[in-house]
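In order of appearance the chains are A, B and C, and numbering begins at 1 in each one.
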Amino acid sequence: MRGVVLLSGGIDPVSGRPAVPRGEVAAIGLALSAGGAVGGLHVGEGSVAQRQAGGYGLERVDCLRGGGDAVAILAAHLSAPPPDLVLAGSRACGGEDSGMLPYLLAERLGWPLLAGVMAIGAVADGWLSVTIGLPLGARQEARIRLPCILCAHDAAPAPPFVFDRARRVVVRTVDVSDAPPVPVVEGVERPYRARPRLIGSAGPGGGGTVLENPEPAEAARVLLAHLRALGMLGSSEGASIDA
Amino acid sequence: MGALIAAEIGGIALAALAGWLVLLARWLKGRPAAGSWLAGLRHVPRRYLVDVHHVVARRPAAARMHALAAGGVLSGAVMALPAGLLGAGRIVWALAALAFGIGGIGALLVWRRRVPRSPPGLSGGAFLWLPAALAAWCVGNGLAALFMAVGAPALPVVLAVLLGGAGGVGLLRLVALGPMRHALAGVAWLAGHTRPGRFTGRDTALRPLDLVAPRLGVLVPADFLAPELAGFDACIQCGRCEEACPAFAAGQRLNPKALIQTLSAAMRVAPAAYAGRPAPGAPVMDGKGGMARPIVGNVLHRDSLWACTTCRACVEECPMLIEHVDAVVALRRGQTLMLGAVRDGAAQALQASRERAEPGGRDLAARGDVLATLDVPVLPPGGETGILLWLGEGAFDARYGRTLRALVTLMRQAGLRFATLGADEVDCGDLARRLGDEATFQALAAEAIGALKARRFAKIVTADPHALHVLRNEYPALGGQWTVQHHTGLLDELVRDGRLRLERRQGGSVAYHDPCYLGRYNGEIDAPRRLLDAACGGRVEMARHGMKAMCCGGGGGGPASDIDAVTRIPDLRMEQARAAGAGVVAVACPGCTAMLEGVTGPRPEVRDVAELVLAAVVAS
Amino acid sequence: MTGRPRRDPRAERARCLVPGGVRPRLVRAGWDGVLTAEAGPRPPAVVCIEEPAFWVAAIVETPEGRPDRWGRQVLGAARVLAGAEGGVVALVTGVEAGHGVGEGGADRVVVLDIAIGPEAMPGVMLAALAPFAPRHVVMAETPAGGDWARRLAARSGWSIQAGIEMLNARQALRPVGAMRRERAAAPARVLTVPIDRVAPYGGMRREGRGCVPPDVPVLEARVQVGPVVLAQAAEMPLAEAPFVMAAGQGVRDFDSFHALSRFLGATEGASRVVCDAGLMPRGAQVGASGTVLDARCYLAFGIAGAPQHLQGLGKVEHVVAVNTDLHAAIVARAGLAIIADAQAVMPALLDLLREEG
């Protein structure tokens, strides 16, 4: 099976330095687990992040240099000859970061897509079985027709980083013809400012209640009431976010 | 008759030489070392008699034994051989007999080492034959020489020569089996020692790795430097390293002696059996050895590699001057750089080092937050100051923040002019380098050196001995040379200059825990003690202190790799402090602070030297 | 077809029956008036809007029959965009869907079949939304919601702003460039909201009038999804578990500890010292050198709360501690701290749980 992993610009959110986003590392892992040759594909000039992607197991990274719509460029590049599998992270890191690219690409190529993929299984009759990761450790088995696009779950197993691979990866710059430009995103851009999340979603009774040396039975009652109020007990979906 | 003796001794000597050449041929399958091995031969006598003896002599009984046995065996042979060949007077034969006699006493002492009770650090197995072989050689040849001296008839001489010859054959056999191999390999190792700087001073910095070499680090025995291979064969299995090793004491799967013996055995398809203590709890690794066969996971357990705290206690103790830490780091480099086979926690720390220039993954701009209330200036590129304060990784830890604030307060009181690099201070790369990730280390080092070169200052001061070691000893090879001082050194200077006045505070007794990277790596063990003597009453010493101090378990990426143990290393160290009657353990390193503060239950308090000094300072 | 969709009284009535019963739960005000005919209180005042100036759609997942906190926030976001002039239509997916949506701020409700697969979803949504021609479509940035939003945007070519962190009628703000920058722009056609970023609707109840769902088009399926397999608390990955109960050195009675975790349905964790001692597996270690939790609730028995341990509680909302030491660091971090012996509290809690059945 021939797999291609889509690589974004790759910026670390804390340091702003080049880094392969966690989801793309997971995507490389999935691609490797499917077996066969795995290459990376990036629209734009190659950077340190693309080399590092090699460290996770890509043998080759093609950087497509051409102006315009990245989806159109990718679609054109991927159609001749098409790979069996295109993998991506949940969302890019360092650009628009909307997570739209794989969806737009799937729409354009007319391929099916599944997101949140934790593991890749076997291929049978042109169908690939995959496991989808849901919150709270829940899992869902699915089958998808090849060729397809898969978005890796951020928690899918990551392959180890190997410097020897990173230094040997072949990063190739491919000049491609320009695609029609995409409309510029409007609005004002500025440095990110962390905003507190809504309050009032906190638990019951306010914070910092201290109960000193209660009788065990009393302690048990208070604990249980508190856990109940937090919604941690009762139904199997005690995990619901409904507070 | 003289000819017979000469033939016997000469034959054994020739056989030994042949054996040495066989060993040499194997070592030469390793990578060539820088510098000439042959030329190093001229240093061997001095290195043996001064440097090796210096270590051996820490245990007088062992030194006596070794001097008598080795001296007797060799000097007897050296006298008897020409005497037999060229013919000599009775006096010479008598002297030879005396020498062999001394060797015989040595053999007796060798026997006494394991009888009636063998210390647990010593190996058994073939070693149990060593006294017999030595005795046969000395007694046989000694009698032969004696008979020659007194002019005895032929038959006793022949019989004595037979006994001596049997002893000689026995010794040769013990070369193959291990116990006598150190005699031959030791010469080669001392001639080609990979840290010649040790013989003239201190040499503890890791060597930079050429990152474009096809094979990075060590995966198979042939990847080691040739002299290093001789070094592994030079191990005499005395067990001094294992007695000093904190990981071994804590029950982790590491025994430095077993490690060196494993590396020696790894060169051979059919190695002699190892009869010392193994690494605690390690499953038997019975893979096949060979110069081109993988070491880790085959003959050496992975955990052995990652349990090492790089504390150099083993190196400090080794009479053969073997470099355990170099071997560990070389193997780690192979695992990390070529295979990416590191422990999960270490992989996270390395990834953060790569992508965030900080092994904890924190924002570099937040490093100075602990000093926010003190308003320490940040030196911009192109700026100039007196002292550049390197904060290190500890700055991200709230507990260690107290230490840094104490230091800054003291520096202020002494009227020093200083500044930090602010967000331009990247991690120095210590953790990455000890974990074998030389690529990340060199990248971080290049960035740090760049940031430092862009500013002007008289010296760098840091409270982190790991950073100190890297900046002072390891950056020069990468083009960064500065005066780097530990904060205890600086404070000691200020107190001695009278710029800080201390008044001794009475309180519980204080034991100073030497950080490995300040003590063994840099030889600085006095300044902190002088400070404590000036600041606190009642300083006590733990049994292991100074150059022999036991590690807290925090170095070499130990906490990141988190190898299973029976007890935790800091718990052992804290127990030693308790045993010394300490109410306070004085520390001088963020790693030690974290490790020792992590000891649970009632225990001596942990205070940095700077904190104790601040408590004792009086307005001048 | 323009304006609001025609009503199909028969289908609506069928939907109003409680499964297996005949008691209608629908009254005039729509699906929200869950009132029994006579005895109940007077229906609260309801805002009805017939012909709003425009529509804003909210796609609401109701896993438990009614919108959860996040779902109410999605509705709240839609209301912000709708303002006084616009109407909000909620597309709800889930079992027994439809309750509480009017309270949450929806004027109209369309229930979608929960069994619609991801591939068919954009088509179904477009069909359901077509009569409303919504100005905006708001969804939760959940795994499912985020997926639908992107499929919808890709299919329709509508603009999208994923993961907005602040919203008003004129602009939406979202992080870009690896969370290092942010962009404020006019709200896009499709928006997704992370949890706790937009307040739920606090105004007067809306009508929440039920509308007919569209026919589900039959697609040539290229994706088949199986049933969701829920993880048991015991085998849930620690990093994903919502409720973690952990043992520190203060726990000696591990039988009670394990029994309690089973009863409470909590995933087990431990401090490092406990793992070092081999009393709990290494995988259970919480903290800097173990797992960093994403739990809602952390119940700590006999844990001091060393800095390296607390690093593992980064994202935990509620910490509950049982510790003999009032001055333990974990007590300062806890919403509820009980200063008592864990060996006494654990069995007492077990007894209480058993009593209650």
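Assume a residue touches a chain if its C-beta (ideal position, glycine included) is under 8 Å from a C-beta of that chain, and two chains touch if they have at least 3 such contacts.
Being a predicted model, the structure only gives us computed values, none of them experimental.
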item: Pair exhibiting more inter-chain C-beta contacts, B-C or A-C; value: A-C
item: By mean Cα position, the chain sitting nearest the middle; value: A
item: Furthest chain, CA centroid comparison against subunit A; value: B
item: Whole-Å separation of chain centres (CA-atom averages), subunit A against subunit B; value: 45
item: Centre distance in Å when subunit B and subunit C are each reduced to the mean of their C-alpha atoms; value: 57
item: Between subunit C and subunit A, distance of the C-alpha-averaged centres to the nearest whole Å; value: 21
item: Shared interface positions of subunit A, touching two or more other chains; value: 12
item: Residue numbers on subunit B that touch subunit C, as the complex places them; value: 345, 397-399, 559-560, 562, 564-565, 568, 594, 597-598, 600-601
item: Of subunit C, residues touching subunit B in the complex; value: 249, 273, 276, 282, 289, 304, 306-308
item: Touching residues (chain side subunit A, partner subunit B) in the complex; value: 12, 14-15, 17-19, 52, 55, 159-167
item: Interfacial residue positions of subunit B with respect to subunit A in the complex; value: 211-212, 216, 336-342, 347, 350-351, 354-358, 361-364, 437, 439-440
item: Residues on subunit A engaged by subunit C in the complex (per definition of touch); value: 11-13, 16, 91, 93-100, 103-104, 106-107, 112-116, 127, 132, 134-145, 148, 155, 185-193, 195, 197-198, 201-203, 205-214, 216-217, 219-224, 226-227, 230, 232-233, 235-243
